[in-house]
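Consider the two complexes below, in which chain A is the common component and chain B and chain C are the respective partners.
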Partner chain A sequence: MNWRRTLLIIALLTPGLGVIVIMIGSVFYVAVMQSFGFYNLVGEESFSLEHWQKVLDSKQFSRALRYSAYIATVAAIGSVTLAYPIAIWLRRPFRGSLVISALLKAPLFVPGLVASFLFLNVIAFHGIVNQFMMWIGVTDAPIRLQNDRGAWGVVFLQLWKNMPFALLLLTGAVQSISDEVLDAARDLGAGSFARFRKIIAPLTVQAMQAALIIIFIGAAGDFAFQVTAGPTNVQSMAQYMVFLKDSFGRWNQAAVVGVSLMVLALCGSLVLAVLSRALLRSGNRW
Partner chain B sequence: MVEIAATETATATKPKNPARKVGLLNRALMVLLLTVVTIWLVVPFTMAVLWSLVDPKTGWEYPDLLPPSLTILRWVEVWTTTALPQAIANSYMLAPTVAVTTLILASPTAYCFARFDFPGKGFAQVLTLLPLVVPGFVLAIFFSSLIFSLGIYSRFLSILMAHCVLFLPYAIRIMTVSFGQVRQDLIDAARDLGARPIAVFRAAYMPALLPGILASLIIVFIQSIEEFAIAFIVGAPNFTTIPSILYSYLGYNFIRPNAAVVSLILVVPNVLLMLGLERLLKSANPAQAGGKG
Partner chain C sequence: MTALRSIDVSKVFEDGFTALADITLSIEPGEFVTLLGPSGCGKTTLLKIFAGFYEPTTGRIEQDGKDVTNAPPEKRDTAMCFQSYALFPHLSVAENIEFGPKQNKVNRDERLTRLNDLLRQVDLEQHRHKLPNKLSGGQQQRVALARALAMRPSVVLFDEPLSNLDAKLRESVRREIRGLQREFGFTAIYVTHDQSEALAMSDRVVVLNGGRIEQIGAPEEVYQRPDTAFVADFIGSANLLPFQRVDDHVVETALGRLTVSGPPDDAAGFLCWRPEHAQYGVTEGDNVVNAAVSELAYQGSYTDLHISPPGVPDQRLHWPGPASGVSDQVTFRLPPEHIRFVRGKLG
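Presenting the complex of A and B:
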């Protein structure tokens, strides 16, 4: 009876979980093998560290790595920081809170490319931002804001797109904290910041970590925002990878960048998850 | 944004105020927030609509705050002279196929997660999230490498496969919740009354599953229409979808009015679907709670 049940479970899991594991596993395998000189579309196949060496030695790669790590960190921490106060505000329903929360979450359903386009219009020469700056007298003529070197445009777009996602996760977590717990803390004399640090943050740490990790991975692998609104003097990891593949079909080097991007996503999200927990712990010892 | 965030913390954690004061503060905050939301949603979308209606003869340039004249010429032009109709046909043929295939693939796994206990179930559930943690372009590029080496040359089939894997986590998650809501007493009652498996399914399973099925279909459909990385890398240059057309107007040659038309074609149907989805989920709940259907 038992083995029949096991077989049934395996049969049920195969079309869903099985397909996921096989497909993602193969993609990962192909990327790693290609980075070491196998699975070539043209030419000889042999083990080689040459591709790694070439990519790791290039300045473009180290700039792209630093840039993507920076954008991803700012996007993850920024989105969560902005979303927390709003989630706390919307914890208990009041008139209009549903409308507010729906409007705030709207950017979740706007595709990245469309978001970029909307943003480019707003910051155009005759866009509302330039017009406003001229109206208040900050500047006499419109300023070029597109593809700014400091990547403020990309950071803004990341926050615009990801804050709603953090809000979605945090609202659920914050709403599940019971009033009794917060009232008890208040009666014991905890101020608003202490209540956040000692009760709300520890009880919602899992949602916070999930938001940090998913936003970090998404922003580290960003292509659409960077290509349309990002600085032109630096490439993101995904952009650099596509560039290598498209220019002379340097698939092996693209694979090195792809594997490095996965390592960045993994390490970055682990660091954020561990740090957020550690910070909470040290905070509670005060 | 930063301002709102700061003010909101203040209200959210202000304890000793009487309820009326809090109500007033909430109202003030709402006015502030609505203004900000107008700026960050209404203004950008209005500008997109205006850009799609700009008259090519007069243009819309600095220092005009609004375009001098409006026309639907751009819409006609984009429709008749670009690959947009083909891209729309491709996207709207691909998305429903992806939605149905994903649902079929996800259901057995979801059923298993909801109705069976087995060692390693938690780990298996975490594993289903794999497609969400691999960066989209890494997946797209090495998936395309994989299908070349497998000798699969149909772009439609390739994108279909990749989209199904990419969106399986959503369908599995939604359907697991739905299968978990099927009531065992209804199943038992139907069986005791001598119902055949199909009748049991219709009486006990279907009412609980229906909202989940529709939600999964709609969410996967929207995701597939909007997906860019795989459609661009695997499909280019022969198989165009709406996002890849939009990218062509935003990337190498930036044609603002055309991009505006394509953006609206991409976003508006999906927003309407999303609203439909919300209504659907709300209306489905009472019947389910009462166990009727």
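Presenting the complex of A and C:
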């Protein structure tokens, strides 16, 4: 390829790629630079590791990091785990399958914050869960289900919101496996689980990885579910970042949390992607 | 004891379509049986019932005397070779072949022995680490065959395994399949709509039409002595003529009065003769026909001639030689011993 051709390709790609690179790159650049003491809104600008040191020393940060990593991992793995059997079930069309598929994907159209408020209505003191439990005599008085310390509410919301997305990606991938390939596996002695582990999962690994990565990144940066339904004794990374910025105008420290969140998203995604492929490879050996 | 048996098997799909009706068929151990018929005749449905992918609506399936009607495919002593090969695209040739033995907990040494033997037999030793998409169609079909044989099944089911191969390759893979079947001694049930494949490979041919068995017999038998108009027309080329009985040895047809070797079957719908049975160079005697040639097509080893007697479909003749030797008129004789009577209707 000569330099003229290379230049032409770069020129043709510039309108699309250039905008993406500038938009994402500039945000990333500002966040990183701000975490090292530049782009200050107030005060002097100078290179400093102080903001990193303060944030990394804070217990609140390490708790937020662990909590966000936990929520993101559970959301990603949980959503994919729930979506797979449904995708396999819906692989062949049957009467009503289109309606079921559409209903299952409905949460994709509900904004996260709206979903959180709907969820609160269900589990609140006056919500239908408490009323039902009182009606059947399980409890005499309403129980506090909201903002539970185990973050079950947030996990539920994450799965409710993200499972349809995983289903969307996995359905297409599962449907692309031919009936004859699955019949051949069955004919050769593979039961339902063996067919999933040795044929379906390896052949849909790219869709699985895409679902894991996208859900992980989204859940790691969750703010809406956490502030409405999440536990009050721990903050998510996004929540902590906003807290730093809002409470004392600590923009540089908020930037440190922001960069850490990006690193968490990147590392977590890589780990999930590599792990899923490695697990499938080892599964294929036996 | 029969290797595989279907007893009064019928299959009606959810949409009400009857794919099979009252199929009773016994297949002996080591036999090569072909299910032959046009698209939609039910041959693949019957094969899938033998494999366990479909359950029959009525009737039952026995393997080695045991009722396996409701047994799933993984619990049957059968292995299937699919039309599209159905190789696992993410596994290498060796891993594909080892898949069945691994699932069936065959120990590692035995597995490797089977793998190496099969790779040698299908001549794919140098391709063992390749993925299926790196192989040609013929090689993929051989992997599919080796994968089925690695299970050491007593019955191998073939679902039009050569339909995706070109004519030349089809012939060599066909010979290979037959050779392996003789070597391993497994029972083979082979589905095809290609009559030449069926005639060349089979011990017995089962001709299916509209979900029913039309005729079962050795290849020569179904070709030389078709029972029905459908079998005569579907296997090879056949000329079918309506007839009227004159006496025990003479019938009246659109080609004139013809002498036949035995008394005509009054229940038969047609008189049948094959294009290659016409004799040329005979101008006098019984069954000599003179007709105008309406169409001709050079076929290499012979020329296909069409004559158009009034009121009946075109009759075909095989002229032994190039088209240049054919004049506008053709005179030929139909030997009485090659004229048969067949039942049923056309189409």
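In the analysis below, the second predicted complex is superposed on the first by the 273 of 286 C-alpha atoms of A that agree within 3 Å, B and C clash if a C-alpha of one lies under 4 Å from a C-alpha of the other, contacts with A are read in each partner's own complex, and residues count from 1 in each chain.
The criterion applied here is as follows: contacts are C-beta pairs under 8 Å (C-beta built on N, C-alpha and C of every residue); 3 or more make two chains touch, one makes a residue touch a chain.
Model, not experiment: these values are computed from the prediction.
Asks: Look at A:189 in the shared chain and tell me whether it touches chain B only, chain C only, both, or neither; answer first, second, both or neither.
Replies: The answer is second: A:189 touches chain C but not chain B.
Asks: With both complexes overlaid on chain A, does A:202 touch chain B (first), chain C (second), both or neither?
Replies: second
Asks: So in the superposed three-chain picture, is A:16 touching just chain B, just chain C, both, or none of them (first/second/both/neither)?
Replies: Touch partner of A:16: chain B, not chain C.
Asks: Examine A:137 and indicate which partner it touches, taking first as chain B and second as chain C; both and neither are also allowed.
Replies: Touch partners of A:137: none, neither chain B nor chain C.
Asks: In the superposed arrangement, does chain B or chain C reach more residues of chain A?
Replies: B
Asks: One more residue to check, A:221. First (chain B), second (chain C), both or neither?
Replies: Only chain B; A:221 stays clear of chain C.
Asks: Based on the superposed arrangement, let me know which partner A:180 touches: chain B (first), chain C (second), both, or neither?
Replies: Touch status of A:180: second partner only.
Asks: Please write out, lowest number first, the residues of chain A touched by both chain B and chain C across the two complexes.
Replies: 186, 191
Asks: Spell out the residues on chain A that touch chain C in their complex, using ranges where they run on.
Replies: Residue positions touching the partner: 178, 180-181, 183-191, 194, 198-199, 202-203, 284, 286.
Asks: What residues on chain B touch chain A, complex-wise?
Replies: The touching residues are 1-2, 4-6, 8-15, 23, 26, 29-30, 33-34, 37, 40-41, 43-45, 47-48, 51, 60-65, 104-112, 116, 118, 124, 127-128, 130-139, 141-143, 145-146, 148-149, 161-162, 164-165, 168-169, 172, 222, 226, 228-229, 233, 243, 246-247, 250-251, 256, 259-260, 263, 266-267, 270-271, 274.
Asks: For the complex, give me every residue of chain A touching chain B.
Replies: Checking each residue of chain A against chain B gives 5-6, 9, 11-17, 19-21, 23-24, 26-28, 30-31, 34, 39, 41, 81-82, 85-86, 88-89, 91, 94, 96, 100, 103-104, 106-107, 109-114, 116-122, 124-128, 130-131, 142, 159-160, 163, 186, 191-193, 195-196, 213-214, 217-218, 220-221, 223-224, 227-228, 237-238, 241-242, 245, 251, 254-255, 258, 261-262, 265, 269.
Asks: Which of the residues in chain C come into contact with chain A in the complex?
Replies: Within the complex, chain C contacts chain A at residues 51-53, 72-74, 78-80, 82-84, 86-91, 95, 99-100, 102-104, 147, 151.
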